[in-house]
Amino acid sequence: MDTAIKFIAFDQLNSALDRISEQLDVWVPVASKDQKRVIQFAPYRPGMTLVLDHQTTLGPKQVVLPQVEALFRFDYRKSADEPSRQKVQLEDPHPPAPTLIFGARPCDVKGFLVLDQVFSAGPFVDGIYAARREQTLFATMVCGQQDSACFCSSVGSGPTDRTGSDLWITPIAAGYVVEALSDRAHPVMAWLQEAATELHVAAAGKVQEEAARQQVGNLAVDQCQQHFLQRFADTNYWQEVAGQCLSCGICTFVCPTCYCFSITDEMKDKHGERIRSWDSCMFFTYTLEASGHNPRPSRLERYRNRVGHKFSYFPEKYQGLIACCGCGRCIRNCPVSIDIRKAVQNLQGQNHACS
Amino acid sequence: MRIGVFVCQCGTNIASTVETEAVAREALQHPDVVYATSYMYTCSEPGQQQIQRAIQEENLQGVVVAACSPRMHEPTFRRAVEKAGLNRFMFEMANIREHVSWISNDRQANTRKAAELVHMAVAKLRFNHPLSPSRVAINKRVLVIGGGVAGIQAALDCAEGGLEVVLVERQPSIGGKMAKLDKTFPTIDCSSCILGPKMVDVAQKENIRLYACSEVESVAGYIGNFSVQIRRKATCVDWNLCTGCGLCMEKCPAKKVPDHFNEDLGNTRAIGIPFPQAIPKKATIDKEHCRQFTRGKCGVCKKICPVGAIDYEMEDEFISEDFGAIIVATGFDLFDHSSYGEYGGGRFPDVISGLQYERILSASGPFGGHIQRPSDGRQPRNIVFIACVGSRDASVDRPYCSGVCCMYIAKQAILTRDHLPDSNCYVFYMDIRSPGKNYDEFVRRAQEEYGVNYIRGRVGKIYPKNNHLIVQGADTLLGAQVEVEADLVVLATGVEASAGARELAEKLRISYDQYGFYMESHPKLRPVETNTAGVYLAGVCQGPKDIPSSVAQGSAAAAKVQALFSRDTIETSPQVALVNERACVACGKCIQVCPFGAIQWKELRGGIQKAEVLPSVCQGCGLCNATCPPKAVQLQHCTDNQILAEIDVLCA
Amino acid sequence: MTQSHDNPAHKQALTIVGFLCNWCSYGGADTAGVCRFKQPTDLRIIRVPCTGRMDPLFIARSLILGADGVLVSGCHPKDCHYAVGNLYARRRLEVLKRMLPFMGIDGDRFRYTWVSASEGQRWQQVVTEFSEQIRSLGPNPGVTGKSAAAATA
Amino acid sequence: MNSDLRSELHKKAEQAWPDLELLIGWQAGYDDLHTTPVFIRDSAEISKLIWNPWCTQNLAVYVAKHFAASSGKDDKKIGVCVKGCDSRSLIALLQENLVARERFYIIGMPCKGIVDLRKLHALSGAARILSVQVNAEQVALKSAAGVLHFPLDEVLMRKCRRCRYPNPLIHDVLVGDPLTPRTDAHEAYNDVAAIERLSLQERLAFWQGELDRCLRCYACRNACPLCVCQDRCIAETRDPKWLTQYMHLPEKFMFHFIHALHLAGRCTECGECERVCPMEIPVALIKEALNKITLELLDFEAGLDPQRVPPLLTFDAGETGI
């Protein structure tokens, strides 16, 4: 088996993906037509132009945890002689196909490590997520395009964080250098035809080094679990950091680590599906109880919960793992520029300005 | 929910073009439907019993009947399911007769359509909830609008039953068109002899308050609780003082005032009492002709009036009255024959309308009951009557039959022959319509006993020649042209909706047809009700009819009011809007648009404002529901979810 | 609803949703039925108390979900059983009618009209004309194009 | 460019402060390109207020939703900074009696236009923007790739390039001098007209392509100063259930129909719905199209005259042509 380092010249990228996509479902970052800034992962089709020099607007979360998916289909069948009796028939969704996510960033992959804790690490395993996760490979790209909202280094990741990835892509002047990080990557490596030269490898090493030197973000998170609990009841504090929140769902929908979902039965006559769809803790309906009571009635409680969940409750439950990958999408996309770094930083009572 | 579906065959009305069995079979496939069947006449006693039995045996919680229009039998079936223990709102109807079987002969398409309509009804029913009516007190006063014979009859019948009645009449006197008639068919009894006592009765009944010279200005409220503003037009005579002595009329110097009561055939004065038997017998100033108003000085009547009742400064007065029911008896106007150019277009003084001829015949008329020509006062020898002037003629947008002309021509011809035995009467007619009791016999008497010449055919032209009027027409029975040298031509002008009928309908929120006649609730089964509960119809305002029918309708409307008032309270429909306070965002838009003022603010603890519907005021139009952005206001029994369910059957 | 029928007059059944006010147009449709005025069979009538009840969103939703046509009919202006419901409605419905084509939905698929309870003949005419109009437009592709796909399948 | 105006803003805010319990304005955000709303409850914080071509948020969004119901302590008012477009939102709220005029102290900001960050990013390409300088009508954009100069007009938001009301139509005090409007009503609907020129099929394809990206994050709705249903929006409620949780095109179309039709005759074209959309869907165009319709049909523009009633909340028995 060929496990050597491979090289894809820029003009060979599509032909390489054409080959891979014959074997696997491949998702790649592409810009929607005429909208250069909106980049999403989409199923690869021959001829597509990939956008690999920008962080995507939406991460690849939807590949494994789609915004809407059917957990099962159901069908009521009426008995022919006695119409008041009916049988229900269930049908499982189709099993997932092997999938490669090509061109994700370390922050995107870090997001899945958070989701895994909830859905597949046990003790309760979500079969649908786990099956899809099991079938998904990540070809991740070293990151060289941080902006003022990025802070991956602050949450235990970084531009060269290889954790969770199966293949590692480094862009150099002539193309992409591809290394295998896991055994699962070997078949994909085998479909890549051109081996990397020593020059390629050396150039990649330089890019890696340069990227590794970047300290992305200066948020200190070591004590935030406790600090959050101390700040919990400080209404003025939450008014200060999130008074301007509009209660929309952008921050949660673009977040690689947000996983909350809603389950509904959607039915027409006797047929229907039980669907799981993304929910947002920023929405009023998220914690709305059947009685009409809502324990988080205003934006402040909801925003506080978002911070607490990511930086306090989650690490408390999952061995200190912070439920944030530092991708900065929530900051970048917030209509009123709420900065979660500021909300976390100031928990500690420091008057630390975030740039 | 356990739903039963009953598909009616309506004899062959539905079954001939809809596979009712197939519709029932398909209904069984819908969710919650546990019973479905097809039956010959679902509305019949055994049909209703079948529904009731199924409710018991199958434990049904909801019923769908696919049959005729819900406007026809929804109340019937609601009562039926209620008798079997279901709430009457756990019922839906699919209209597979008027909307399906009667409008297409395509059996396959009809069956498909009927099945889908049933599916929609089932889908809606799954969102139905039991609703209970509440009760509001009835104000047992009745308003009668219009003081013609129908209104008089209604007012008297109501008063006879002890109700308080307010009668509003636009003219200075009640009596309407009947007061102008000389005799009535088919008995030739004197019109004012039979109407007069009734008019006097109105004046004398203690529980009838008469507002003459008055009009309805605005109507608010709903059955049991209408609030009506009445405009009392300035008569410039204080009626509390006026004794009806007539001195003012005698002395008034304006002598060339057209006498409207006499259909402008004579003159009257600018102040006066319209006719000797007028009720109320009070004087009124005609501002259009009064010199005090036209020239700014005169004051004769003011000087002469022995009780000082004249008040030139008088202004219209508005009074508000509350009622539990309203009877509309606004009568009719006559078709204006000037649109018939071939009959002279109103240019020949001796071509007159039927009502003008009534005045000529009348002993109290302009010529004291002597038949003479308006132009020169000469006694006519040849008199031509032309039927259907402004009736049964689509070219003047009057395609309907006025129903009374054939009879009054016969009457007038008989009276003419009576008065002037030497005269010749000719009647040009299209068909003779004489379906009443003793009516056809009456027409035959005119022809056979009185020798009136009936010529079947239209008149093509009338033109003057040598002090005569030449009437050219066709006799279609002989197939020949006919020419009559007439001295007087009487046009049997048809009936049309009275001026202002549409405006009044809009105030009352009742419907009218394209000619302005008011719509009854059902053409056969609810002839005096309107679609606005508590508003009833009597007389020609509903459609052309003769005196007996008008009187019968007046009595019928009164009976309806009596029945309504026999209870102290009335059920209000629970199909009203309801606010979900949790969802209400207090934007106030529902309050802004409600046509009835049925929504108001309500303050909850902590000063939180929410909208609140007053169920007894709400009429259930659903405008608030359509306007409410978060859909916190839902019209019960026609909620968003119910409409969406019906849409989804068709589209989703 | 794109079943095909053998009857040549119904090569393809259309889905036309009608929203009729209870007092005037529903009665007008009843009158047309009582008079046996023959009409195309594609219309499915939903009874509402008043056109004022019509949130334009009901119409939008029907067309988005693929209804081939939507017909709203109420009392003539000034003759509303509820006095003014149809006066509000005509503004709202006209705004919707003009907005639909901007979103790529044919405004000709939606019509609103006024028919009184006595106008059975007019109702026959309205239904016939509108059904013909929708027939000439063909099935509504909807916003997903599903009907068009189903038609070719 | 704005240091003078900024100090004028501070001065006028200080002067007004004795009558205020709260002042809503803009402050610096997490970098030079971003501002964030600030709620000032202490006069010491007035210095946080800024005013520059990045002050993009329409602060009227907070007015009805958060403060309309609360009555002030000691008759103190809520101060709010508004641009010309934002002021129309306030007027629209007044038209619907959703706020009381006397509750607010309105600081008007005549506005030359707000920078569209998407246009800046498009100009800088992949290179990270390091800083941006605005001098009068010129912009200097410094990125990793070097410095670029271009006219300010080129990077203004779409709504600003068609702005007819740069000066607040309602205010208690004005910061800076009134400006001259740039276009007339005729040109204002050019973008709508461009869509209208497409064939029906092209228009449908256009919206299918655009709306397909919708995430139903409801940012467009929540950023709208006139979407007062908020948490009770029928896009989310189960009773009545207008929408499913599916993310098919009909649901997305339906949501945007709900949003737009609820704004028919009410939208003041502040453009916030479009700005906040993370998927860059031109949703404001739908409302502009409706505004064009209500202008042509009913001669109404929202947010101009506080006394006028929005046209779909009233009727005219005598009107013809509809």
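Each chain gets a letter, A, B, C and D, in the order it is written, and its residues are counted from 1.
Definition applied: a residue touches a chain if its C-beta (ideal position, glycine included) is under 8 Å from a C-beta of that chain, and two chains touch if they have at least 3 such contacts.
These figures come from a predicted structure and were not determined experimentally.
By number of C-beta pairs in contact, B-C leads over the other of B-C and A-B.
Averaging C-alpha coordinates per chain places the centre of subunit B 31 Å away from that of subunit C. Annotation: 72 Å between the Cα-based centres of subunit A and subunit B. In this assembly, the C-alpha centroid of subunit B lies 55 Å from the C-alpha centroid of subunit D.
With centres taken as mean Cα positions, subunit C sits 46 Å from subunit A. For subunit B, the set of residues that touch two or more other chains comprises 582, 593, 627, 640, 644, 648, 652. Along subunit C, residues 61, 65, 78, 84, 88, 92 each make contact with two or more other chains.
In subunit D, the positions touching at least two other chains are 230, 237, 242, 314.
If the chains shown are joined wherever they touch, the resulting network has some other arrangement, not a path, ring, star or complete graph. On subunit C, the positions that touch subunit D within their shared complex are 56-57, 60-61, 64-65, 77-78, 84, 87-88, 90-92, 94-96, 98-99, 101-106, 141-144.
By the touch criterion stated above, subunit B contacts subunit C in their complex at residues 69-72, 95, 97-100, 102-106, 108-110, 112-113, 116-117, 120, 502, 505-506, 509, 511-514, 519, 531-532, 575, 593, 595-596, 619-623, 625-627, 635, 638, 640, 643-644, 646-648, 650-652.
On the subunit B side of its complex with subunit D, the touching residues are 582-589, 592-593, 607-609, 627, 629-632, 634, 639-641, 644. By the touch criterion stated above, subunit A contacts subunit D in their complex at residues 32-33, 35-38, 40, 53-54, 57-58, 67-68, 145-149, 239, 243-244, 246-250, 252-254, 262, 264, 266, 275, 277, 280, 283-285, 331, 333, 335-339, 341-342, 354-355.
Residues 76, 78, 83-84, 268-270, 292 of subunit A touch subunit B in their complex.
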